[in-house]
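Below is one structure, written out as structure tokens, with a few remarks after it.
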Amino acid sequence: MSEKQGVKIVTIGGGSSYTPELMEGFINRYDELPIREIWLVDIEDGKEKLEIVGTMAQRMWDASGHDVKVHLTLDRREALKDADFVTTQFRVGLLNARIKDERIPFSYGMLGQETNGAGGIFKAFRTIPVILNIVEDMKELCPNAWLINFTNPSGMVTEAVMKYGQWDKVIGLCNVPVGAMLKEPATIGKELDDLTYKFAGLNHFHWHRVWDENGDEVTQDIIEAMYKDDVDAGIPANIHDMPFFKEQLVEMGMIPCGYHRYYYRQEEMLAHGIEEYNTIGTRGQQVKKTEEELFELYKDPNLNYKPEQLTKRGGAHYSDAACETIASIYANKNSHIVVTTKNNGAVPDLPADCAVEVSAMIGKTGAKAIAFGPLKPAEKGWLQVMKNMEHCVQEAAVTGDYGKALQAFILNPQIPSGQSAKNVLDELLIAHKKYLPQFADKIAELEAAGVTVKDPVVQDLIAQGL
Amino acid sequence: MSEKQGVKIVTIGGGSSYTPELMEGFINRYDELPIREIWLVDIEDGKEKLEIVGTMAQRMWDASGHDVKVHLTLDRREALKDADFVTTQFRVGLLNARIKDERIPFSYGMLGQETNGAGGIFKAFRTIPVILNIVEDMKELCPNAWLINFTNPSGMVTEAVMKYGQWDKVIGLCNVPVGAMLKEPATIGKELDDLTYKFAGLNHFHWHRVWDENGDEVTQDIIEAMYKDDVDAGIPANIHDMPFFKEQLVEMGMIPCGYHRYYYRQEEMLAHGIEEYNTIGTRGQQVKKTEEELFELYKDPNLNYKPEQLTKRGGAHYSDAACETIASIYANKNSHIVVTTKNNGAVPDLPADCAVEVSAMIGKTGAKAIAFGPLKPAEKGWLQVMKNMEHCVQEAAVTGDYGKALQAFILNPQIPSGQSAKNVLDELLIAHKKYLPQFADKIAELEAAGVTVKDPVVQDLIAQGL
Amino acid sequence: MSEKQGVKIVTIGGGSSYTPELMEGFINRYDELPIREIWLVDIEDGKEKLEIVGTMAQRMWDASGHDVKVHLTLDRREALKDADFVTTQFRVGLLNARIKDERIPFSYGMLGQETNGAGGIFKAFRTIPVILNIVEDMKELCPNAWLINFTNPSGMVTEAVMKYGQWDKVIGLCNVPVGAMLKEPATIGKELDDLTYKFAGLNHFHWHRVWDENGDEVTQDIIEAMYKDDVDAGIPANIHDMPFFKEQLVEMGMIPCGYHRYYYRQEEMLAHGIEEYNTIGTRGQQVKKTEEELFELYKDPNLNYKPEQLTKRGGAHYSDAACETIASIYANKNSHIVVTTKNNGAVPDLPADCAVEVSAMIGKTGAKAIAFGPLKPAEKGWLQVMKNMEHCVQEAAVTGDYGKALQAFILNPQIPSGQSAKNVLDELLIAHKKYLPQFADKIAELEAAGVTVKDPVVQDLIAQGL
Amino acid sequence: MSEKQGVKIVTIGGGSSYTPELMEGFINRYDELPIREIWLVDIEDGKEKLEIVGTMAQRMWDASGHDVKVHLTLDRREALKDADFVTTQFRVGLLNARIKDERIPFSYGMLGQETNGAGGIFKAFRTIPVILNIVEDMKELCPNAWLINFTNPSGMVTEAVMKYGQWDKVIGLCNVPVGAMLKEPATIGKELDDLTYKFAGLNHFHWHRVWDENGDEVTQDIIEAMYKDDVDAGIPANIHDMPFFKEQLVEMGMIPCGYHRYYYRQEEMLAHGIEEYNTIGTRGQQVKKTEEELFELYKDPNLNYKPEQLTKRGGAHYSDAACETIASIYANKNSHIVVTTKNNGAVPDLPADCAVEVSAMIGKTGAKAIAFGPLKPAEKGWLQVMKNMEHCVQEAAVTGDYGKALQAFILNPQIPSGQSAKNVLDELLIAHKKYLPQFADKIAELEAAGVTVKDPVVQDLIAQGL
């Protein structure tokens, strides 16, 4: 990258409601990350949002006093030319796709969790072909750029970039570890700077251990503290706050991430989800409303800072993690950030060439993963089943093989196997037809056999061509 | 072993209704396995059954014309002295324990499968301490004997013998592969002798591939045949006959064992189990009736052969597999038998020092496992989660650590995690109190907290002191 | 293969002096392996030998009373058409190449061992491109045939067929285990049939353990017996009989193969080789004379059986192993044969996808490798260094990369690293120029730099255009 | 550790000539590492040196203006009480032992390299039992202390502490990486701060790769630069400067450490060593003279700083690395230091539980190893053979098993196997009798068999009771 002229950042999915957080992160780090220009890229369907949020982004920069130009475009290739950093936060099919991902499983009484569950599987099916196209463009237009991915399912998408895209300069991000590190220290009367954190696992499926300023492990102390009253241990806002069984955590000697609730307290998470499904709507439906409100705010020509309301969304810290990662690469800061990167042995219970989410020091060469060492049986079993599930998903995403998709569904621990699971798979294929060209033959076969979506909300979306 | 004087066989749990099949197997192989004496060992509670079945066993031998003495004893150490082969078919807590294992999970709407599910976990908790005691006796009394285990969960019990008992001369058996090999060849118009089978996985959790007389793989042909009408592909009688999804089998290119239904068609297996639970009673209750009928038959002083009714039980072929294994060791036959043995790399997706169930050639040195090679992602994921679940179970069984038991429950793919699962765990601890000394402290704590069993049938058993 | 019409065998390098042993092996197994026709293929340079030995081969079959036609051809593709089994025993560059392989290293005072040493590396460089061509022909002309390789270095050549040729129906053979199994039992007063052998390692670099008729290990007894006077423990005739250090064998608890002398007694093997080099000539030169004598014998129109003199060559049993392997595949005999095959975990200290030499049961599906389990540190270290050396050799053989060739030389434990080793590498490239098109650029560079061969015998061969 | 009262450092082998460098390192870091007291411990034989160097150490501190007390003692247990950091730089048998380690191999024409060669093996035999005793004392007297080992062979000694001593708070150090990082940047016109280094391997047997300030790899640039005239690439002073073959380095794409010369240029290193052996004496003899000169200097009551002459010894930077490591732990600096620590997957070609030497970030929790990823075949082969050789050495060191010692010798790539190697082993056992109680029986057997040392210098040392 050319330091003299400043850094060129490209954000694919620039019309996202998260963009103001991203802008704020860049503005706060301008001294160490001298940005020259930012290109916000989106597709035709997102044009209106792109203009609203893009105009606001320019207002934020103008208010900052830094001379940074925010370009808005629907031409991805124009934007990518000579980029230094490409961040991806796009959502194929927009929030309507998420609503389908969630509602169809719930209509059969099962979880449709949008990152590692049935919803996440279909998000991967829609996203992986698109990101592989982006990578092909990058090879041509900005071969030295770093790809900072925070499109979910971040782990699978990042692994696909490395494995099927053969692109090594990629880092996958997650906001969950940030949340834990912000909240936990106070539970044992410490500051974050006093503590040493080590994370390992997969995206939305990691654990961590913690040591104090004397080098003594305090993981069990934090576990103890988590079960005292009124303690906030950093569970993301988008996850129902259902406590883990204390005996389990004490035995594992590690702290699971918030998303482990879907695996360790499946019964309760399902019940909670079903209740929302039947009343206020699924998370995607709630987020859609929040987003609409945010875009109303963003239209205000006087708003030139990130509004408080954005912080309340589940994805808080995501963009901040992205900015810190980019600044750490650019300025060789060697910051400790938890990222998805190539394993290389850091998690020895998984193959060396797969992607893992681990504590890493981020600098000029990207992520230097800290070797975490072997896990105990329970966590090892969980980790291995999830990684192999991810491999099934990726294979299905790139081949369009229905059998592999079915295998992913059957293996996924959130999905009880059987005819209902197969129905969910089939209905999701139908519902996402527009974004799943690789499965076209199978979808045609299902349609010919008369498969239709049962959930009325999803039926409506389909009827509207969404 | 002293060949001149013939072979001494000891059967722990000799009062089992399976004993006549075992006797028949030995009688049929007398030419290659010249038995001198058989010791049937049981405990006080099984004394009556032991006498009935033992007397009948002697009648069978007398009718065979071979001079073999069947000894009946409650003194295990007397029996073990100088044994050549020790077979284990005991059931700690008898069929009543199985009924508890099954009914308590069903009372919470979940599967209690008695080998790898919640029931199997508790069977392991009851059995592992006992088999480790048997191994200690063997070290002292018959240090050169082979231990042929067919007490379930056969895989975990066998691994515990190797790992915690430090006893290498052990082979675990399973009847499931025998059933598949007897039925499948006909589905593609072949004889078993024409085909080459390779099995790999874990006990009640293996897959196999098949080749024809030209060395060409016919696994997909068998899969095709399985979906034609009226085909009997060898599903054990004790497993509800719910077909696998064909697309899944085609993708994996392997044939799963019957027990995979609990993982691949969980919804339907659960529904079927719940129906039986609510009507005719669980499998354990059904077997209990069958057993009572069998013992009535066995009392007949004229019965000196294995009655047809025994064949209909789920465990058919088990004893035959045991006899063939013993004969293969004794006569160095190098027969192909599917057994649980030390991995040593045969299933490279699992650690070399764990136990696996694989195709092996059985001879003087025990089992020579055939290297199967790596599995594809879905099967690899399943295998690794199950083996790690087994490791949690074994650790809990030997330590009595409640956290480890809870981890095993949460990791087990048959058990939906959450409060109900924890309740099932707690009630099973209470219900099996008599046979779980290692968990005594936790059980006392649960009792003090007022935990009680909800299922009325199990309540009755407990009230009767069973 | 078409059983009705009998089996078609093709032997590449059919003009070899070993061919009569091969014929004898086939004649002895005619009942289980009904051969229809045998095609002996050779190249223009081997035409005379092919005719001599081919005519004799036909005499042997005629004398046997079986109606088998021996075809002689220089047209490999004609021969391969519809073959059932293809055996390879060719030697690129004939024995003159072996003489170069041996003499150039000795001229610098180092071993040039023709299978795993410097000579073996160059034999691999010459052979791998040729065998990959053969495989391409087979894919087209006999896609169902088995390739039975006994061209050395058998392990590397076989692995190259699997890995770079993507041909799975291949088995590599070695005569060394046969020799050990024939001689060792008598050292402890046993018959081979009493004993169970388990071999594991690499070609010309394996170890074995042995058990008796009671299943008790007798490896240490054989080790003890090996150090008694006048014991013949089956060292191949072509290996100088230098005893291993007894303390080493006792510690390892395994019996190394004869070729381990080059690694465990390097000093003495080198001294012995240097002495022969300076007096009677290297092994290759000796074999060349033996071969000339054999071909004189073969010319005798009355000779219709394998002459005694052939047995004395180092490669005895090689062809017999090949015949037994072919018969075991054809008749599904499940014979125990030690072969090079895909690891699949049988030797867990090496990657699952590489080739290993192990005890296997040979049948319709080829080799079923017996899982041997992990090795102790010393043997593990040896095995890993040798396998990685083999990988360097194979990479250099297919790419012609000089740096990789140099890495193989430096890593090879028989070759002391330094300038002399590099000189040996360079001179061997020059000396084998004709057969190393992949290294053409480097050879031209060396010639331009004035590199020449120093050994006078090799100079003579080059001067003669050999 | 109690921060208020300052840090207590204990140095075992405090009478070493390196102690002034250690003192200088501590003095320079006093601001971040507030030392309260330093205990220099030695044994009776080292008493005189301890007093000389200890007195000088106190002078250095006094001159620094910091109030630090240097205690001198022969009572290790008194010193260890409540220590915060224990550094080990002792040499069992002093330099005379090193002279024996070197001269006996040379007397048979082979290398006796004092860290990984024959000499290193015996240094491990002498050192491991002693360090395990120190660890036992530490468990009792300072259970929270960190052990910073720079006694050679540092890798094996550190691994023994972790594995046989079951002590995890240990870090092994090496000066070699420091030297490379100081010299290399200039060869490509860079500053060290511009570059990112990643090291991996074993002690005195590692490789590294380098990236520039843009994140682009510059390893090949450094390799190119190394072959220009007059370039100083940081080879330690104690290693004969024999260049690697450029083609080898280009192929591996990594830079080996200086000690790799003993493996990659064995011929020349041996020739050089033999020449010194026959003329100026081995390295140990040279160092002995240097040390005597140093101690003469140290006696000067006016010398209160590290003299220039010390820098010229081979071990320069060792003590500095130790001080930086201690300061990084104490002040949680997260400095990048290359250390021996538990692998945990950082070098995935080796077991997760062994010790490796890798780039690590050093802080309160000790070393956080950076995952390096898999190596290519040649380096993988070298690494695996060396690690397994190390395992043989450690097993022999703790058991005194002669067969294991012999296996280590035969496997060691620096030692040509055969009778001479065995003679070297036997003579070294005799020569070091006093320090090898674990081999007492074997030594007695060798003495009874009349084994004696041939080298006259070593004979003299033995005659003097040294």
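What to note about this one:
Going by the order they are written in, the chains are A, B, C and D; count residues from 1 in each one.
The criterion applied here is as follows: a residue touches a chain if its C-beta (ideal position, glycine included) is under 8 Å from a C-beta of that chain, and two chains touch if they have at least 3 such contacts.
For each chain, UniProt lists the protein as follows: A, B, C, D = 6-phospho-beta-glucosidase.
For clarity, every value in this text was computed on a predicted model and none was experimentally measured.
Shared contact partners of subunit A (6-phospho-beta-glucosidase) and subunit B (6-phospho-beta-glucosidase) do not exist in this assembly. Centroid analysis (C-alpha atoms only) places A farthest from subunit C (6-phospho-beta-glucosidase).
Distance between subunit B (6-phospho-beta-glucosidase) and subunit C (6-phospho-beta-glucosidase), defined via averaged C-alpha coordinates, is recorded as 46 Å.
Distance from the subunit A (6-phospho-beta-glucosidase) centre to the subunit C (6-phospho-beta-glucosidase) centre is 55 Å, each centre being the mean of its Cα atoms.
Counting partner chains per residue, subunit B (6-phospho-beta-glucosidase) has no residue touching two or more of them. All chain pairs that count as touching, in label order, are A-B, A-D, B-C, C-D. Partner subunit A (6-phospho-beta-glucosidase) is touched in their complex by these residues of subunit B (6-phospho-beta-glucosidase): 245, 247-248, 250-252, 263-268, 270, 377-378, 380-382, 384-389, 391-392, 395, 401-404, 406-408, 410-411, 413, 416-422. Considering their complex, residues 1, 196, 198, 211-215, 329, 332, 334, 342-348, 352-353, 359, 361, 363-366, 368-374 of subunit C (6-phospho-beta-glucosidase) touch subunit B (6-phospho-beta-glucosidase).
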